[in-house]
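Below, subunit A partners subunit B and then partners subunit C, in two separate complexes.
Right, the complex of A and B next:
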């Protein structure tokens, strides 16, 4: 009977008795059932099993405390209105926000945080962790921790940009389809159906093997990006432009903006990344389109839209001031969800070798490159996988809270 | 008292109910006592938010989500205390001994099952009757409630039955276990007057026949006067007074009750058409239909003169709102045209100029859906002013302030609010202000008061009247409420099945001889006299009200011949 075991049972019993005494039903039930389970676990698994349980509980408690403190910190920093909203956030959502915050810091300041470069070979392959390398080395002897930090930047930035583009395209098309209806609605709907009818991974593989991978040339990616922005610009024009003059001037502006954005895009990302972003945007925009169209469809039948139409308002005002403010909540929630899917798709494509090209660090390809280690019982390949999992879970926690808020009993 | 002390069925003492909002518990019901005897019908009356429905639900021991019955309240149903009864005990009462009839029968029936299957559910569940027995009983009840085709109607789905019939089927369903008490929560509010009267007669008979106690919740005094033995008036969760119906009607004690009674006395002096002038809006031989469907409007023509109020009455489906849609241009007519000061209006609103759009504004029935919940009041009202007159900055703010003053809302207080923070009456006022902001000469008021309580509705009517005098507006007042017509209209147009049945100045329309349909409409409006329903049923005969009477209209009547095509 070690000191640990005695302390373990004593703590559990004392807290469960306290919970029972102070009439905390739920806490008591959890604590006491844990005590009973621990009796069995202690007999079957011995002290290590109890230690594992204690570590898990400790981690949970730790995460809870961080989440609580982080929420209070945010409430303290933000304005009154915002603080009131934040107070309704459950601990899970606060934890999610904390994780997202950490990842953001990690991605933005990657070169300063990471002790080594992402492509820098500093030791032998698969070297174990030491005081120089926090998580050991990968199959070429690069520092795992540095690559995780840089990977946050690359993978998350790609997913974020891809999702944003998918949203701009899909949401704009959905809003237009809901306001215009008729022929336009039909054409957009069938186009979306065609894209959705192809399994997304296969579609991505197809597109990437045509344009992407090592074949990607900077000029192709520039023109593709310009084309994409022109399509988006066309949608905006269809909503905003009035009369032939409006169309002409609008078209000129749209082309200019599209070229500018494309130049900007190609200067940040390299050719294969641009293709990847476009593929992601095209694959995910139909889902956004359908959701937006459904949400906006419920809004356009309201009397205030009719009143605005009778006033003689154009489509652009209708979309911007009347429809969009009433459909933001589900769209934001959908953004969070789609972001996770995009993230996983990019990680999956990288795992298959079609996503982000080496030597750029990326969580998906890191899993693949180190996958052989798993047969030796090493957890190294699980670290990038864990980073992916943690982010998706965190985003979903936040999205859950937002969904609850938008669908809740709020007048 | 006609009820004995020993016959007490429901005894509520010091009922307090709280609702959760803004992170605190707020009192909704603040200590109400209620005693209901067997066979007694009690009318609960009050504005929305007075807690009528909450008390109705509490009589079943039920508190809605987000509300709770405070400890110390007592609800005793036939000797059984409901506040501390277990959920299973309470469930055993509901449906078998206490039944509930909801406001919207259409929303309360499950559209996927036949009426009779839903009817027999309760008796079979409680093992009171076998399924076949229950079906026979249902048919008998349908017969007693004078539903057409009682043998067959139960085997239809809810959408195959009209609103009034559905409401009666629901009453029959509530009766299926012969409960001791039924709670009627505004059962006729959503119905037309001609349909309402059928339902009222049916409910009253069946409650009498089975000596059932009932709580009848409504905001319509005239209705409750027909149904109830005693009336209890509620205001903001507190009881104002309670008295037997006769006494309550003839001699109300409290000021609030008196003010409720006084509402019906508001009238406006009838204006005559200005001589030798062109009508502001003139509808000429308009036919209209929705996308190749059947004709909704059939040769409708009438004129609206400047500064006058034309009330368009008729039951739902008679084409009142469609006429408004034709005038505003939302539904281009298939034949005929709309003239504005002698000039034809383009048929579709898309082809109208800004100035033409500005002339003709609309106020909607449901202020909730007519105001964008995510836009501030200042922008809702300011936008038309900005859009049509190009006002900006201080000029725009001054205009909004002026408009808020005009609708009697304090500008500083409401400028930055959002519609969900306002009450129903305030929202309707904002809707009016939005229409006024365009500086129109003609406003379509589509059932503007029917979603409001009587006191609030009267405030809106007075406001509209004042604005008409100040701004020389013309109103087209769409309504099915003849009391409103009587108080505000100058001219009346009666519509039925998309045709104008009769039209003329108000005084002529309210004095006989009438077109039979007008007569039916007029006679179906409940009056404050508690014996009105009885007298009417004696006069017209039980089978000559509502739909049945409509079918009985004699096509050879001289008043009818002129209008039928």
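Right, the complex of A and C next:
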């Protein structure tokens, strides 16, 4: 019986008794069931198991305190209305916001935070951590910590752009289908059905085997991106243009904007990344389409839409001023969810060596490249994987809260 | 009974139609290649004669539609042509691996389905308690983690630190069944964790939805004991959503298997697909995609049919 074990049980028992005395039934239930579980764990796993439990509890407590402080901080900073909303946020959502905030800082200021360059070889392969390298070196002798910091920028930016494109395409098609109805609606619905009936990872692999990966050509990626923007432009046009003249001018503008955007896109991302973004956008836009179609479909049958139509408003006005403002809440939540899916898909593809190509630092491929360390009991390869998991969990927490709030889902 | 068969037949026909469209997409996607397959295989440095020889050998001189029909006719009889890289028959590459993958998925499903449904119902009954909230956070974390994260954590603890299970799932014919189960336990467990989280959440949502309906309230008000409310009133109506949950998650298993197979070096079809994609071995890629898509559609179909069979209301569409 070490001092630690005595202290451990004493703390648990004292706090559970206190909780019971002050009628905190929920807290009491958790604490006392933890005590009971600890008896079993202590017998089976000995002191190390108890230590692990204590560490976990400590980490949870720490996360809870951070979340609480961060929520208070946000409430203090924001206006009264926002503050009132934020006060209803559960601690999990506050924690999620804190994590997203941290990642954003890490991604934006990556070159200043990271002590070494992204692809800079500074020591021998798999060198252990020292005062120069916080987490040691990877398989080529690059600083692990710097690469994780840069990964926050590369992986998240790619996922964000992919989600945005998927969202613009899907949401625009959904809004249009809801307002136009009829033939267009039917065709879009069936197309979405077909794309969704192919498993996303498999579809991504199929498309990458054809266009992408390390063999992607800059010209192919440029034309594909232009084509994608043209399709989006066509959707906008179908909503906004009136008369043959409007179509003609609109089409000219749309093609021009599409080429411009494609040039911009290919100048930021390299060819294989552009392909990856497009693949993701095509795979996930049907899901966005489905939701937007459903949400907008409920709005379209409202009386105020009828009134606007009778006033003689066009489709574009209806979409922009009537339907969109009334369906933002579920759409924003959907954006968060889609981001999680996209992020996991990109991480999975990179893990398979088919996504973001080296030497760009990326969490998925870092796990794969350093996986051999795991068989020596080293946890560093798990850190980028954990970073992926942490961000997705965080976004999910925030989305959970937003869905709860917007739908009034009280069960 | 007749109308059920008709409805199921209609769904089957729809599934077949979608599969046909998918086969068209899979085939003609490859046609979109800049250049053609022969060009892609031989690369930029190919001579004109080499290209011509390969084109004749692969029958690329025929128009695409003829080749598609020939490919489809062969695919229906499970003949997917020959691999470009190794010149083996695609069926011999994939055949055994597909059986392995099905074994892994079935292994995971046998554990995950009963446990997650029972847990889901329990959590639904305890809704809004601490346990429910803890379960919510835990399942959300499992869903949000990439499969390889869970897989490597399991390897780190179960095989490297504690040495209970092997980390690499290599199979051989001479293994006994128990040996096999032991070898494939970690990949199966990874899949179980992910799928279980999904299933628990969906089951919980379905049950809670059901428990909020007026006739359950009625049963409670008339004084029926709680277990009777669940077993006699809620359960018959819960079957439809539960079957739906199971089928959808089995479909999810089929794709989740790709990453898990790569993590554990498991000789399954997912790994064959990933290898083929990085080597640009198009016949294998096409075959794997078609198989995965067909399984996915079949399971979704099963969900639909299950829902129709267990819910009489769906048999009489207005």
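What we mean here is this: the second predicted complex is superposed on the first by the 405 of 411 C-alpha atoms of A that agree within 3 Å, B and C clash if a C-alpha of one lies under 4 Å from a C-alpha of the other, contacts with A are read in each partner's own complex, and residues count from 1 in each chain.
Just so we're on the same page, a contact is a pair of C-beta atoms (placed from the backbone, for glycine too) under 8 Å apart; a residue touches a chain by one contact, two chains touch by 3 or more.
Small disclaimer: the values here were computed from a predicted structure and weren't measured.
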{"item": "Of subunit B and subunit C, the chain that contacts the larger number of subunit A residues", "value": "C"}
{"item": "First, second, both or neither for A:311, with subunit B first and subunit C second", "value": "first"}
{"item": "First, second, both or neither for A:92, with subunit B first and subunit C second", "value": "second"}
{"item": "Subunit B versus subunit C as contact partner of A:208, first or second or both or neither", "value": "second"}
{"item": "First, second, both or neither for A:118, with subunit B first and subunit C second", "value": "neither"}
{"item": "Contacts of A:321 with subunit B and subunit C, given as first, second, both or neither", "value": "first"}
{"item": "Residues of subunit A at both interfaces, subunit B in one complex, subunit C in the other", "value": "411"}
{"item": "In the complex with subunit A, residue positions of subunit B that touch it", "value": "65-66, 328-330, 349, 352, 354, 357, 361-362, 364, 366, 369-375, 379, 383-384, 387-388, 420, 434, 438"}
{"item": "Contact set on subunit A toward subunit B in their complex", "value": "302-304, 306-307, 309-313, 321-322, 325-326, 409, 411"}
{"item": "Complex contacts: residues of subunit C adjacent to subunit A", "value": "18, 21-22, 25-26, 29-30, 32-34, 127-131, 134, 137, 140-141, 143-149, 152-153, 155-156, 160-161, 167, 208, 212, 251, 254-255, 258-259, 262, 273-274, 276-278, 280, 282, 285-286, 288-289, 292-293, 296-297, 300"}
{"item": "Complex contact set, residues of subunit A against subunit C", "value": "26-27, 29-30, 92, 193-194, 197-203, 205-211, 213, 215, 217, 220, 340, 344, 347-348, 351-354, 364, 367-368, 371, 374-377, 379, 381-382, 385-386, 388-389, 392-393, 395-397, 400, 411"}
